[in-house]
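A short write-up of the structure that comes next.
Chains here go by letter, A, B, C and D, matching the order in which they are written, and residues are numbered from 1 within each.
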Amino acid sequence: MDYHSPASFAEASALAANATGITRFLAGGTDVLVQLRSELVKPDTLIDIKKINGVHDITRNADGSWTLGVATTGAEMSEHPELGQDWPGVVEAMDLIGSTQVQGRATLTGNLCNGSPAADSVPAMVAAGVTVTVTGPDGTREVAVEDIPTGPGKTSLTKGEVVSAVNIPARGENAGDAYLRFIPRTEMDIAVVGVGVDLRLDGDTIIEARVSLGAVAPTVLLVEDCAKAILGSTLDDATLDALAAAASAACNPIDDKRGTIAFRTEVVGVLAKRAAKIAYARAKGENA
Amino acid sequence: MALDDRKSDFTFVGTRPNRPDGLDKVTGRAKFGADISAPGMLHGAVLRSPHAHARIVKIDASKAEAHKDVKAIVTRADFADVPFRPGLEGEFYNVLENVMAGEKALYDGHAVAAVAATSALAARDALKLIEVEYEVLPHVTDVDKAMTPDAPVIREGAADYSVPEGMHPNVVRYHESGHGDVEAGFADADLVIEDSFVTEATHQGYIEPHACLGMLGNDGKGELWCTTQGHWIAQKTCAALLGIETSQLRVTASEIGGGFGGKTTVFIEPVALALSRKANRPVKVVMTRSEVFRATGPTSSASMDVKIGMKKDGTISAAQGVFRLQGGAFPGAPGDMTAMCAFAPYNLNNVKQIGYDVMSNRPKQAAYRAPGAPMGAFAVESVIDELCNKLGLDPVDVRLKNAAHEGTKASYGPTYERIGLVETLEAAKAHPHYAAPLKPGQGRGISCGFWFNHGGETSVSLALSEDGSAQLMVGTPDIGGSRASMALMAAEVLGIAYENIRVTVADTATLGYNDVSHGSRVTYASGLATIKAAKHAVEKLCERAAAKWGIPVDAVKWENGCAVPSGPNAGDFDPMPLADITADMGSTGGPISGHFEATPEGAGVSFGTHIVDAEVDPETGKTSVTRYTVIQDAGKAIHPTYVEGQFQGGAAQGIGWALNEEYVYGEDGRLQNSIFLDYRIPVASDLPMIDTVIVEVPNPGHPFGVRGVGETGIVPPLAAIANAVSNAAGVRMKQLPMSPPRILAALKDNG
Amino acid sequence: MVEVHLWSGLRSLTGGHHVVEVEAKTTGELLVALVQAHPQLQAPIDAGVSIAINGRVIATGLTEPIPEGSEIYLMQRLRGG
Amino acid sequence: MSKLHVSTTVNGDAVEYLCDPRETLLDCLRDKLNLTGAKEGCGTGDCGACSVTVDGRLVCSCLMLGVEAEGKQIETVEGIADGDVLHPLQQKMIEYAALQCGICTPGILVAAKSLLEKNPNPTEEETRYWLAGNLCRCTGYDKIIRAVMDTAAELREAS
């Protein structure tokens, strides 16, 4: 295996474009090293992007949006004094991944590009409308997070392409997000079900909503029907039931060692309700 | 064993000093299995079968052999011929067959070849160069399916004398015992409940993977360093598997990073030695976590039917159980132990128990803390709980009413000596936990548990130094602070300070044979041996003092670390401290040591009662254990803090087994969850503080009254938690683990 | 003479008897005497047995004395973890 | 395949080693620097026995390549005591019998020290969640949590 630590994304992209065999980018490495060690994936080329300038930066842009460097760790996100005030759902979702130790290394970008349908940060990013900047041999493009994963372990990134920044929209007024996942223990598990909700209110009424589901289909889902179920409502009990039903209906899960089809289909609705209530409270400026 | 010198007031025993190996363990200096290397050392790696059941047609290692970094390759042909015998009589054969597959690979992960190379990476890479041709055979991993007539046969002729005719060849041992007339007893009952229960296989989950460093020359002399619960059994087994003399192999036990029964046998140790013999260099082999899960010994899975009859007043009129245990592709599943322990807490006139040992295409089960007992307790105590619920009776009162005590005829036959079950139940009833109110959504569970405990072959040597300090050599690896307990017991007898005693776990060349650190035997048997060895030394100290004083030896006694005249007639002499006697021992008769070599038989059975509160989320089926209290009879707690630690550890492992831990096999017979991410042992945030109550009903078979405490603590939790969860959820949970999908499904089925 | 109680699974080897009377002063003598009385008991003894004397389980020892009138149970060999 | 040269600092000492790019920081600490205090319990970041800090950040050394240590400041369990004076956490771990076999202890100590540097007054819940990535199979965590909480209290009093 060849190891490279390029100084720019253009260089990283060129290295990847010219590499033969299997190439992996190394950000936090918490997935790549596990795959390497268990010999699930044996890369021929490993490109460490942590020596590129600015990859640990968390920047609030003039328009209120955020740009995160691709090697920004979960711990750095959690410690940031303002990011979590704007996007508690995104920060909490990232924080759920692995242990304190894993938080010291793991990144949003890695979580996304690993392509797992159960990745915790991805539903939260999808709900929040996060995009990533992709640098490739033909320059850069901006891609919505939901368009990156194409199936378990697979992404839409082409040869030579590397994610070079994470872009989180401006929070704006009267809005809140939340992410909840189900795991059998309290920590250290992979999500059996995950739900991200982002919404905006006018008074008590929901006027914008995005709901995403994790670990219930081959990729994270952005579910239009869930958003429709709560739009225009004040999140009364009937609305919550409709949300749960829409979430369950959107599921296309599998039976595996982590959960059953029946369980995932049922619990996705439970979590959708609970996450929506938290997002709603946050949008109202309440502690939740 | 004569115990004419029972002791009940103590100076050192019962105190809580710092453990002697504490400094090494908190500074990173302690040497565990993988923490050693040797000059010229090679690294070994093991090639494992990806198939659950397959004939090995051909192994072509020529490409690996040609690789410059590869120094040796071994297959089954590089081990000794060990005769096959049915059942457990051919245990060396079974172990060899498990260590390196012969004609067939018998489970996913079964070793088929091994490589030694110049680096760990090179060894792993070289495995891919070995080509194995398999003929895949039908497999079975489920215990009930393995007993059905059309199940694939794992090994013909493996059944021993006990199996009734007509059973499938996968049933290899059968146990039946009991007394009275259960049918009459059931007829006499006001309520009879019969139900079936299932537990999945779990792993001991020690954090340290198996690791060893072996060196074996063509002269048949060897050295082995390994993490093990018993280095003499490693010595004996490796010698047999390699065809060398036992005494020519010196085995040193490293510090051991957890065992819980799983390190009572060998896996990679004979492989490292075989590779070393071929390469003529030291070879280190360290398992990966995935190898630990796939190819060491998990516990058995179980399928059980229990029927109990109860009178309205709570008296159990009859009890019957059938316990089917699957133990992998070898005889040894402890169905007999499950059967004998299941009803042992109760005073029963009519009881019958049947146990099966069944083979399947899974790794060879190994002991796991009270092997066999937790599963049976789960089934039995669940039925008792249900009877209590249906009859409106208090679960502690019912257990007290039926509790076994001194003079009770045990369910497994003999009459109990002094035992402490009633005391644990009374302590449970009096504990604030039992009276504490429950919140909505919470349930409380109670269970009792029993374990035999064990004595075993034991050697201890104690040598006094000129300056009056003592060195104590024991042969039982210290898996939980036992060096502290040994030093306390020696200090108690010698009357010198705890700190002045250095305890060492000796290697196989410096002490006589020692049985494994298992069966909760260390504090009991090595402790008894330590006491006896110290007394042996004290006899010699008294002899020297008597000679100095010119009085008969029987006129000298030992008190508070000094020889003193035994009475006014013995003469008027000042007490002579130990250090004054050892100071000139070289010129008064030579070195002073004490020894013990025997098999203590008097381990004393042990009982515990656990109280658990659990909360179930009715929408997701997720359980939290909110309060936990362990009450157990320790006989006499030598170092109470480490006794508490054993209670807490047993409870925590039980919580894992009850809620989330399980071996998950796919349709292809492969283990699906061979990493800690998916084999879910409890993490710190999963657990509450675990309260403990140490009950002390002295064991008549130990000079200080010790009963082993290591194993009993894992017997009650499965049932206690199942009862708490069932009471919280309002539906009886009959399958472990009670994972959220299973609980949610049960809630749905219940409407 | 001591009465030796067998576990019920052994009855098929002793012609239905679950109590066998033998002459024995030690655990070792007891096993020899049992096989003399019922040769088929050799198989379970080879597979491993323990002997309970007045409630105390002797896991392996063959030299343990058996006091006159003791309660004796033959048990399957105990194993620990 | 050529090896890579790495210069780094471990427990204040400047060290160098050559490593294969596939070797983890844990492999390098243990096999090249003979610092065997950090343990490999899983190799997948699930057990925490290999915990170290890198530039003050708590990580699993099995989830970081040896080559990534270039120019970093690494702290391991071997660096916790100040000469022959144990850190209060080490002392409390012994006093509380917060270890049975001791294999998880190095990782627990590194992680707990990192917690107390960040949060000198953690609640029981915070302590449990911070240490959730450090598996202990022997103790049920009870005595570990008590030892860490008591150390925190003692350090607060001392400061």
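Before moving on, here are some points about what is shown:
The rule we apply is simple: contacts are C-beta pairs under 8 Å (C-beta built on N, C-alpha and C of every residue); 3 or more make two chains touch, one makes a residue touch a chain.
On a predicted model such as this, the values are computed, not experimentally measured, just so you know.
Shared contact partners of subunit C and subunit D comprise B. Separation between the centroids of subunit A and subunit B, computed from CA atoms only, is 44 Å. Work out the mean CA point of subunit A and of subunit D, and you get 29 Å between them.
Our note on geometry: subunit A versus subunit C, Cα centroid distance of 67 Å, whole angstroms.
With centres defined as mean CA coordinates, subunit C is found 26 Å away from subunit B.
Shown for subunit D are the residues that touch two or more other chains, namely 22, 43-44, 46, 129, 131-134.
Multi-chain contact residues of subunit B, defined as those touching 2 or more other chains: 260, 288, 675-677, 682-683, 685-686. Residue positions of subunit C in touch with at least two other chains are not found. Contacts between chains, counted with the stated touch criterion, involve the pairs A-B, A-D, B-C, B-D. On the subunit D side of its complex with subunit B, the touching residues are 20, 22-23, 27, 30-31, 35-44, 46-47, 49, 76-78, 80-81, 86, 90, 93-97, 99-106, 109, 125, 127-129, 131-146. In the complex of the two chains, the subunit B residues touching subunit C come out as 87-89, 160-162, 164, 173-178, 260-261, 264, 334, 336-337, 340, 352, 366-371, 410, 412-417, 452-457, 516, 518-521, 599, 601-603, 605, 700-701, 711. Those residues of subunit A lying in contact with subunit D across their complex are 1-3, 26, 28-30, 33-34, 36-38, 46, 48, 50, 73, 75, 98-102, 104-105, 186-188.
Interface of subunit D with subunit A (complex): residues 1, 4, 21-22, 24, 43-46, 48, 51, 54, 57-60, 62-65, 67-68, 111, 114-115, 129-134.
Those residues of subunit B that touch subunit D in the shared complex are 16, 18-19, 21-23, 25-32, 34-35, 37, 119-121, 204-209, 255-260, 286, 288-289, 479-481, 639, 641-642, 644-646, 648-649, 651-653, 675-677, 681-687, 689-690.
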